Amino acid sequence: MAGSTPRLGIDMRNPIEIKKVEQMAENLAKMDPVKGRSLWQDARKRFFKNRAATASLVVLGLIVLFSAFGGLFAKWPNDEIDWSMLGQIAEMGQPSIQNGHYFGVDELGRDLFARTIQANQISLIVGFVGAAVAVFVGTLYGAISGYAGGRVDSVMMRIVDILSAVPYFFIVILLLVVFGRSIIMIFVGIGLVNWLSCARIVRGQTLSLKQREFVQAAQAMGVPPFKIVVRHIIPNLIGVVIVYGSLLVPEMILAESVISFLGVGVQEPQTSLGVLISEGTATMQYGTFWQLGFPLAFFTLILFCFFYIGDGLRDALDPKDR
Amino acid sequence: MFNLILRRTLVAIPTLLILIVVTFLLMHSAPGGPFTSEKPLPPEVLARVEAKYGLDQPLPLQMWNYVVGIVTEFDFGPSFRYKDRTVNEIFAQGLPITLTYGTLSFVLSVVVGVFLGVWAAIRQNTWIDYLTVAFSMLAQVLPNFVMGPILILIFTLWLGWLPGGGWNGGQWQYIVLPVIALSTSFMASIARLMRSSMLEVLQSNFIRTARAKGMPESTVILRHALKPAMLPVITYLGPVFVYMITGSFIIDAIFSTGGLGYYFINAAFNRDYAVMMGVTLLLGGLTIFFNLVVDLIYGWVDPQIRY
Amino acid sequence: MNIKLRTLLYTTVFSVGATALLAAGTHPVTGEALADTQTFTYRLLDEITSMDPQLNEDVDGSQFARDMFEGLYNQDAKGNLIPGVALSHTVNADNTVYTFKLRDNAMWSDGKPVTANDFVYSWRRLADPKTASAYQWFVEVMGLKNAGPVMAGDMDTSELGVKAIDDHTLEVTLEQPLPYFALTTTHTSTFPSPQWAVEAHGADWTKPGNIVVNGAYILTEHVPQERSVRVRNDKYWNNENTILDTITALVINDENVALTRYVAGELDQTDVPAGQFKKLKAERPDEAINVPELCSYYYPFNMTESGNPALQDKRVRQALSYAIDRDIITENILQAGQIAAYTFTPGATANFSVPDVEYGTWTQAERDAKAKELMADAGVENLDLEILYNTSEAHKKIAIAISQMWKQKLGVNVTLANQEWKTYLETRGSQQFQVARAGWCGDYNEASTFLDLMNSASGYNDGKYANAEVDSLLAEAKTMADPQSNYTRIEQIIADEMPIIPIYHYTANFLLDTSVKGWPFENVEKQVYMRTLYKVED
């Protein structure tokens, strides 16, 4: 009955064609089984296709390596004052290879190379850990609040409102006073304050996502709410959350510098990029440009890297782009 | 929508009350008090001074008196550090200043940020895109307290075009530098968020459909893509406004504008409780109000949302 | 002569006369050509706490008080007492009753005469616990009779040892004899306040429009955290000799921004950012000023049980003090002419000569060697110490430098504890520190204002140092005609027991535009009366 059944493309009564099919079956059997492709493999592939993001990852990696091991090349420790420089920084404190001050010295005659390395370490840790804490807590909170809706949402968001309006400075001071001035406390303090806006953004996005078909389908199938949140809502938020997270890292580093500027931040002789930058700004009109230049350069590089990586991650992870 | 406004207003009252309690407790837990000084007062004298301001009463009573004072007389209390002024006077003087340059900065950031973000998204991978991204990153790199002095160096010292600070009743020359210093980094972050959000929206099916239907690109962008792309940006705007107001203390400090932001941080240092409470309540009220506005706009933009 | 000629004559005379009035004059004493606009603009770090002389708490605020009000005595350019509202005083035999004769031409800006009652009112107000003045304790420094009970509220203020015999005679009765009482009358908290204005306006009495003053200037504009303006008060008794018309104070928190604005011409005076004096002096030799000040910078040790036990051994304290190279701090870090200190009271203090203490005469190398020896003797190795200081660039630099000196020379491990102001005051005031940074400025120009801190009962003795001999020497000095020998002995005890480490004596450094003249550079208490300033033509 020609014409009534859709044709499969092979005429099973033609012996030449049968031969072709048999040949193909043999070839197939010899091939490796097809590997399944997961979301993350896909994402990784796409990330590395993005040249800017890959380059940034490399640069960031180099900076991390430099911060971790650069200290081995420093001729001076980060807290020792070079007494011969003291008082004549503008004239004698420039970067030089001979006296071992590769980046020059700061206002107190301490080696800027060693201090910048140490500052990088602190700032990177503050950035990563702080942002991670903020994003993790904020996303979970916001997604739950947005998905739950109604009363629960109202209460949870009110709590966020109250906490947003409480003087930031006090929370951090109090934490630092009660638990001592350790770096961990600074992360926790800064991170805990910044989760609020992340929560709000995530909640907003969740409200939109909640109405989408795939969520309603999952609900219809009887998937428990928490699983919906974790397996359906959050992955769809990742794009925005990651970009927001990458916006957050520089904010963390800046927030830490403001805290130090106010007098409750990283304790001497440790330092952070924010501290070095504000010290450099104070002296910039007196001719000691290197004091601002080097920390600002690292700061800029680190932030640029995070921006490109953030963009790259967003592009890579976006499930809609299939 | 009316429902939402009503509900929010009702909820605002207990919110503010809780805010008062939390702030009171935090303030009083910090070491030192308004009268702790280098030449310390003898204990009996200190006791009298504190009694005059009611600081010797138990905390719940102090809180009660404070709330009653606000509700019945709209009196936010005296400043402990600036003896000649009350918090009401400080508000009357500082709030217009902060709101003026804060609002200007906000509007500028949003308008320029959204514009740049959209433009960069629709001209993705062209020089406009790269420039916008580069500008955003540079602008975010420079903290307020670096940008402020640099601006003064350039415009006051080298060029002599603008005054180096002060407010002088709000003449435009005094507003320019503070607004630039405050708005730049927010402009940049709004631009970036707008751009990435717009890029996402432009990939979606309904945009593809609109284009396939043969709609002119401008209509596609403005009538169909803009609204949903704005959503993450809108939610971001709420905290942006609050950051601006709190971040304005650096602007106040550098440019000596006399705005409220500096009072905020200064009061913390001086343990000036009434000023601290007053500014906190003000900020809390503004935050709640602004979040309501944001939610309303959000609801208008995304018709699928049900509250 | 005819009408035309007469008119011409009158017109000519009139215009010449008017021109003469309008043109800038010359200084009556020095003959310098004066500038056309007599305005002085200077920088304030922060808004002042109050314009009310009894309520003001900060140094900048006391400048306002000195310009707008006038006390019994003023200080001249060198810091000596000269008549203010009071012309002279007599003292009874045992230095317990001072009688001041007031001038009869002193007036308030609303026309009322200044009388002795105004002083009685303001001193009672200062002592009154209901006023809650931060300087209430000054009444005790003055030594007024019944100061203690009045301050505590146990006695009515009318019992305070001050009385108006008549409108122009003020009688002061002291609790105990005090030879230097007259010096305390230049303190701004003792300045008179207008009772009728205070009672009429309450806390608003100091606002422009309400304020009534008896000094050379009156407040006309005040925008808090931004600016304030004071202009000439015509009713001031000495108004003819006031040349400067207007004083503008601008609040600029950031010292580097202030410097930029000074260079741009917006300010006539500003402070020098930490560590930049040497460079600015080289660039602007006539503008960069550097004069001794009546203040000392020191590190007290916590001598109580909550301190570091190793510090109970005086050898350790001496070692730590010897190991500090004060010249590096003054010449390489601060670089503004500060004076290295081996004793507590500054040499600039009137009627005080700095005693020689042994360790001050050695070279730094000798001090270092001795320090190592002392530490070895005390058997202390690998000492862990914490230095407490409040947030400030200068304090940070000095603390870091000292910690490095201790580390390199004595192997001490130093932790730096930087706290913001109030927290730091609490910590230091409750003896929760080991070594802290401290600074003390004299309240009057006599050595006891410093050495009284060493008294075991002193409320400002944060280290709680207690030495019975010092206490009795201090008590004795209050009634001695020339207490120098006691003061010398006390300084020697301090140098031996080292309860504090004196580090340097302050200098006041600032930039002053060359067109500003009449500044009292030699006044170590920084008592500037701006009516003595004037501007010359550039």
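Going by the order they are written in, the chains are A, B and C; count residues from 1 in each one.
We adopt the following convention: a residue touches a chain if its C-beta (ideal position, glycine included) is under 8 Å from a C-beta of that chain, and two chains touch if they have at least 3 such contacts.
It should be emphasised that the depicted structure is a prediction, and the values quoted were computed from it without experimental measurement.
Pairs A-B and A-C differ in how many C-beta pairs touch across them, and the larger number is found at A-B.
A simple rule picks the central chain: find each chain's mean C-alpha point, then take the one closest to the mean of all protein C-alpha atoms, which gives B. Chain B and chain C have CA centres that are 39 Å apart.
Separating the centre of chain A from that of chain B, both taken as means of CA atoms, is a distance of 24 Å. Centre-to-centre separation between chain A and chain C, using Cα means, comes to 52 Å.
Each of residues 256, 260, 420, 423 in chain C touches at least two other chains. Residue positions of chain A touching 2 or more other chains: 173, 177, 262, 281, 285. Residues of chain B in contact with two or more other chains: 30-31, 149, 153.
Interface residues of chain B facing chain C in the complex, by the touch rule stated above, are 30-33, 35-42, 44-45, 48-49, 52-53, 78, 81-86, 90, 93-94, 148-149, 152-153, 156-157, 160, 163-167, 252-259, 262-263, 266, 269-271. By the touch criterion stated above, chain A contacts chain B in their complex at residues 149, 154, 157-158, 161-162, 164-171, 173-174, 177, 196-197, 200-201, 203-205, 207-208, 211, 239-240, 243-244, 247, 250, 254, 257-258, 261-262, 274, 277-278, 281, 284-285, 292, 296, 299-300, 303-304, 307, 311, 314, 318, 320-321. Across the interface of their complex, chain A is touched by residues 7, 11, 15, 18-19, 22-23, 26-27, 29-31, 133, 136-138, 140-141, 143, 145-146, 149-150, 153, 189, 192-193, 196-197, 200, 203-204, 231-232, 234-236, 238-239, 242, 246, 250, 264-265, 268, 276, 280, 283-284, 287-288, 291, 298, 302, 304-307 of chain B. Considering their complex, residues 46-47, 49-52, 55-57, 129-130, 132, 134, 136-137, 151-153, 203-204, 206-207, 223-227, 250-254, 256-257, 260-261, 263-264, 266, 420-423, 425-427, 429, 459-460 of chain C touch chain B. Residue ranges on chain A touching chain C, taken from their complex, read 79-81, 83, 86-87, 90, 107-108, 173, 177, 181, 262-264, 267-269, 281-282, 285-286.
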